[in-house]
Amino acid sequence: MTETDENMEYLIFSIMAIVATVCAILVISHRNPVVSALFLIATMVSLAILFLALNAPFLAAIQIIVYAGAIMVLFLFVIMLLNLRKDEFGPERRKAQRFFAVLFGFLFLILLATAIDVGLSSFGQREVAAESLSPAGVENLAQVLFTEFLFPFELASVLLLIAIVGAIVMAKRKL
Amino acid sequence: MNVEILKKTEKPETETMILNMGPHHPSTHGVLRVILELDGETIVKATPDIGFLHTGIEKTMENKTYNQVIPLTDRMDYVASLSNNLAYLLAVEKLLDIQAPPKAEFVRVILTELTRIASHLWWVGTHAHDIGAMTVLLYAVREREKLLDIFELVSGQRMMTSYFRIGGLAKDIPEEFEPKVREVLKTFPDKIEDYENLLTKNRIWLNRTVGVGTISAEDAIDLGVSGPVLRACGAEWDIRKSNPYSGYDEFAFDIPTGKNGDVYDRYLVRLEEMRQSLRIVNQALDGIPEGDFVERVPGVVLPPKEEVLSNIEALIFQFKLVVEGLSLHRITQR
Amino acid sequence: MFYVLKTIFWAIPRGLSVTFKYLLTKPITVRYPEKRLVLSDRYRGLHYLTRNEDGKEKCVCCGLCAAACPSGCIYMEPAENEFGERYAKVYEINELRCIFCGYCQEACPKEAIFLGKEYEFSNDRREKLIYNKEELLKNGQQM
Amino acid sequence: MVPLSSYLILSAVLFTIGVLGVLVRRNILIMFMSIELMLNAVNLALVAFSREFGAVDAQVFVFLVMTVAAAEAAVGLAIIICLFRNRKSVNVDDLNLMKW
Amino acid sequence: MGLEEHLGDGILFTTLEKAVNWARKSSVWPFGFGLACCAIEMICTFASRFDLARFGMEVTRASPRQADLMIVSGRVSTKMAPVVRQLYEQMPEPKWVIAMGACASTGGVFNNYAIVQGVDKIVPVDIYVPGCPPRPEQLIEGIIKLHKKIEKESLKKKREL
Amino acid sequence: MHDLILKKLKERFAESILEVAEFRKEPTIVVRKEYIIRICRFLKDDPEFSFNFLSDLCAVDWPERKPRFEVVYNLYSISKNHRVRLKVRVDDGESVPSVTSVWSTADWHEREAFDMFGIKFEGHPDLRRILMSEDWEGHPLRKDFPLTKEEVMFNYNKDRPPRIMK
Amino acid sequence: MIPFIIITLIKILVVFVVFLLMIAYLTWLERKLLGHFQVRLGPMRVGPHGLLQPFADGIKLLFKEELVPANVNRFIYNLAPILVFIPALIIMAVIPFGDRITILGQKVDLVISDFNMGILYVFAITSLGVYGLVLAGWSSNNKYSLLGGLRSSAQMISYEVSLALSLIGVLMIAGSLSLVEIVKAQDKFFNWFIFRQPLGFLLYLVCIIAEINRAPFDLPEAENELVAGYYTEYSSMKFAMFFLGEYGSMINAGALATTLFLGGWQGPFLPPVVWFLIKLCAFLFLYIWLRATLPRFRYDQLMNFGWKVLLPLALLNILITGVVILL
């Protein structure tokens, strides 16, 4: 890995981290659910770029195709279908509730950070595996997915099937 | 009927959407407003609102002479103006108890059948255009231009011809009339074939038209539907057969009918009617008799121009007819 | 099933072949401002008034054309000249009201008014489309 | 190379924002989106680990998480539509009955 | 209007004005709007034989937001008049109106209660095309006159009414 | 056929027939308006006549007559191919029984007659104006409604605003 | 490193400019061809044979008043055209339009980026393209727009599934996700995937037409039904951006088809780029031809067709391909 590449990764990481965080905050703070959904998409796209930087291009593509391309369209679709007016949102939480929520959120973040710190230090100084630098191609992933993790994979497909059936049963007014 | 549908849905559906289609909408051709109630992509209820093209023709006719009304009848159904002329004139002629000479009748038949073709062409074209096959409209209009040329040739106008007059025609047919009509007769069947190739068996067209807008024959009659739509419902009824006028009983032609009364049947009926019209035109064209083109009843039909210029009596007739309109005491005399 | 397949794999290519056939034929477009269609002899276009051989206008202001006109777009005021002959002091046609039915031409007992073949007279002002006698006579000279 | 800890901290931040979203908002759609955000944060951590240890197993988990997310979105949104149809509201506080 | 409001005066501006007027003239997109008899002749004008496409005009927009030219083809009834006016107002500047045929221009033969006596009572008309209905050539001639009018228009001046 | 119709009608509704006329072989029967639904139903249902097609329903204004309006029913039988014309007389402000229950097509025709002449139809499901807009005043096809709208513009009057005829 | 960046920038610039020009002339081509299909001439008077027509249209739209309807969410309303246009633009980044050539001693790949998962990239970007349409429809505050938006999103998502599945066969034979590798796998004429994957090609053709909203699947903007669909309320440059995006995705679809099924840039005698363009134009011609001929589907039929016909066929295609490869 050359130095420019390394710098490049730092650059990408910092930009994308900021974008993702800002967009994520906007997701939960914006009043209009459509705009929230849009910022969530932006967060997802920036995460996909981070996946690229993390040598996981397949996951990056899947992230965009599945998350941004399908799930979020579904979200938008539902928001549009309901076509909410302002008064249908109902009242938001009270100030005190919000304050405590933010406070506990902050505490939770500190907790997580401590956990990460403790966890990482317990690994100790370790040599980075050589093969980790080689791109985790589709072949590797497929190899693992269809041998070692075949059962969970099949289970996931069953789950999807059930989800489809469930969604149709619920959304359809009369069958 | 609309009221019934509303009652059937027990609680008012909040998920339906009211869509106001028209008065100006790309597929309302002319102006029609339909208030649609949509459930997703399905129309639950449609309430038409007409009158955006209400012209008050009847009111305007109130102070016109019988002759002056003819141009107004042109503008009632402007894609089939000659047929409208004929309907009005037949009424007036029945009122006056006069009969157009045979030559005029033959020309009237030829021209109204050509008008029928032009009108059906317009239907096929715009209908296909609404379903998305834009080219058919362009082809149909191209063929219609040939017919308009014939109308222009005989009358001097492409659409609003005012060519038929009380007692016959406005002018004699010109020499080029017959060859021009013959040419249309020769080329037109191929064009119908083109439409058939483009649409009739096309899967998408079938999907869009078969089983759509079905009307049963009883409903059609109850709702006062006539013409190709009624025939597509399966009722074999044609005014040209049941109450023949202008010598339609002398021509051999078939009445095409449909089975299901859906849009596809209407389409097929109209295509077949165009072929039958060609058949009628062919027979009529072969048999145009000699003779005058108008029944010169004094006081009803304008005297010939030469007489007006030379003869004082004709001049007086001309004045009386133009200023006062035709003399209705003829009716009481008989 | 066979019918359905036929409507897809046989009918659609046939439709395509029709459009392709016309792609290869020559367009029928008349390139209007450069080329014109030949009008019918009976074409009813812009009106014109005619004159005698000796240059007098034929119209005697009898009012038949105005009476015959379904849309009432002809207006005239009669007067007498020094020989005691009637003539139209004012003769106007509102070409925007006119529906070009040709009744005036049929009604005229003097062969004074005709509908010509001129059709290019659109304008951006309503008033300019009211043609007075001089303009109508000039139209006649151009014919 | 950007250290693992940076990715993990970012992941933790995003996760916390997701948690906050669920806590603060009452609009059920936005709460749902916050959950998706949390899942995404976890995915990021998993991918970062996957690179660190040079193993694709973690990526398989990401893959499965996405599948679950898709299923969840489908069912969850169907539930929301159902709820809205009956209650005319997407506010969680209005959804106080188990059956109606 | 669009960009031109932010521009200053000067030689550059007049050149620009010429270019823009050329563009506007060359791509007048009509509003797919037909009312009565004249609409049939209008469609004939769009069709193969006369082919308005030669002037770059076959792009009939169904939405007034994207149209430049409204061809009022046919009689406007009193019931339709508010609609016509509204559609006109929905069109973005610069916009032009052609009153096609006798009925749209003056009411024509239908001098009665139902018909608006000339569409210029509700929208400003740029070109009147006489005829009932006008031949396709007549309409094209009106459009060419409109092109000439567009060429002379100033970029800055807004149209009244 | 005409005679048969008349005979049968006289048998059944003797007291209802006011006037009978024939002109150019077209029979016209003027009936009392109270009987119109029964007569129409009879003519439609009788297998001998089966007037299943209401080809037109319109009104005529006779300003000098009393009662002022005539409502005209043009009946046609598609299966038997014969016609008859019925008329009822009604004065301004009175109403005619609606025949929508006999032929559905009468619905819009009656609305039109209402719109144009102001004749009310009793029992019509939805008697609104059909051609003119809802807020229009007057009934345009009555003979006392002004014929023309405004003066035609010529040079002598081109500058003054057009006189609206009212 | 530096020459690499410069070359890439030049490539991007050239592709960008050529792409925009192609979009402009695609509108001209469509109008002209439609004209001739309908035995008329098409644009004639703006420049020779109307060649300047696209520029006139562009300048006119640029100087047209921009109307924003009342009560719209301006942020989303303005964002939507951009979201349509950008994805159409950046797909071109992975399409190879020529072999490796040597210019001034530098080896240059005639592709902006030979991304080893090019095809996944294409899918990812196309799946983002739907947002523009949905948001445009939703934010316009117009029922026709809303219907157009809903239609387009449902249609694009449904057909994306079949589209992806129809390409699996190609990927299985080529054994790579890189577009350059896929082109190289079709080195001989009879190795073109159109011959090895005829069903896949047909499915791709149908799905991609639906995906780019062209006739006979142009329901989201069907003029006769929805006025102008999701862009009913847009005027001036925003409308132009929808237009550009739409025609851009047409070109993308053609380029992708060329790459995946028609052997990409490969062909005898002529330079590779020319071959690429010829094949691309053949595709564009096909789109216009179909538009000139076919009627439009109805919405429910479209959905049925996508899910009940195309999806099973695509799965069948994968099955057959798998069996053949195993044998």
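Note that the chains take the letters A, B, C, D, E, F and G in the order they are written out, and that residue 1 is the start of every chain.
Simple rule for what comes next: a residue touches a chain if its C-beta (ideal position, glycine included) is under 8 Å from a C-beta of that chain, and two chains touch if they have at least 3 such contacts.
Keep in mind it's a predicted model, so treat the numbers as computed, not measured.
> Treat touching chains as neighbours and tell me the shortest step distance from chain A to chain F.
Minimum step count, chain A to chain F: 3.
> Could you run down the chains that neighbour chain B and chain C together?
Touching chain B and chain C alike, sorted by label: E, F, G.
> Can you identify the chain nearest the overall CA centroid, using each chain's own CA centroid?
Central chain: E.
> Using the stated contact rule, I'd like to know whether A-D or B-F comes out ahead in C-beta pair count.
Answer by contact count: A-D.
> Just how far, in Å, is the C-alpha centre of chain F from the one of chain C?
It comes to 39 Å between the two C-alpha centres.
> Distance from the CA centroid of chain D to that of chain G, rounded to the nearest Å?
That pair's centroid distance is 33 Å.
> If you average the Cα atoms of chain B and of chain E to get two centres, how far apart are those centres in Å?
30
> For chain F, give me the residues that contact two or more of the other chains.
As it turns out, chain F has residues touching two or more other chains at 131-133, 140, 145, 147, 152-153.
> Note the residues in chain G that touch 2 or more other chains, in rising order.
35, 37-41, 44, 223-224, 227, 292-294, in rising order.
> Which positions in chain C touch two or more other chains at once?
12, 15, 18-19, 22, 27-29, 31, 70-72, 94, 97, 99-101, 126
> Which residues of chain A touch chain G in their complex?
4, 32, 34-35, 38, 41, 45, 48, 57-58, 60-62, 64-65, 68-70, 73, 76-77, 80-81, 83, 135, 137-138
> Would you mind writing out the residues of chain D in touch with chain A in their complex?
1-2, 4-10, 12-21, 23-27, 29-30, 32-34, 36-37, 40, 43-44, 47-48, 50-57, 59-60, 62-64, 66-75, 77-82, 84-85, 88-91, 93-94
> Quick one: in the complex, what on chain F touches chain C?
152-156, 158
> Quick check on the complex: what are the chain G residues that touch chain C?
Residues of chain G touching chain C: 33, 35-41, 44, 289-290, 292-294.
> For the complex, give me every residue of chain F touching chain E.
Per the touch definition, chain F meets chain E at residues 131-133, 136, 140, 145-150, 152-153, 162.
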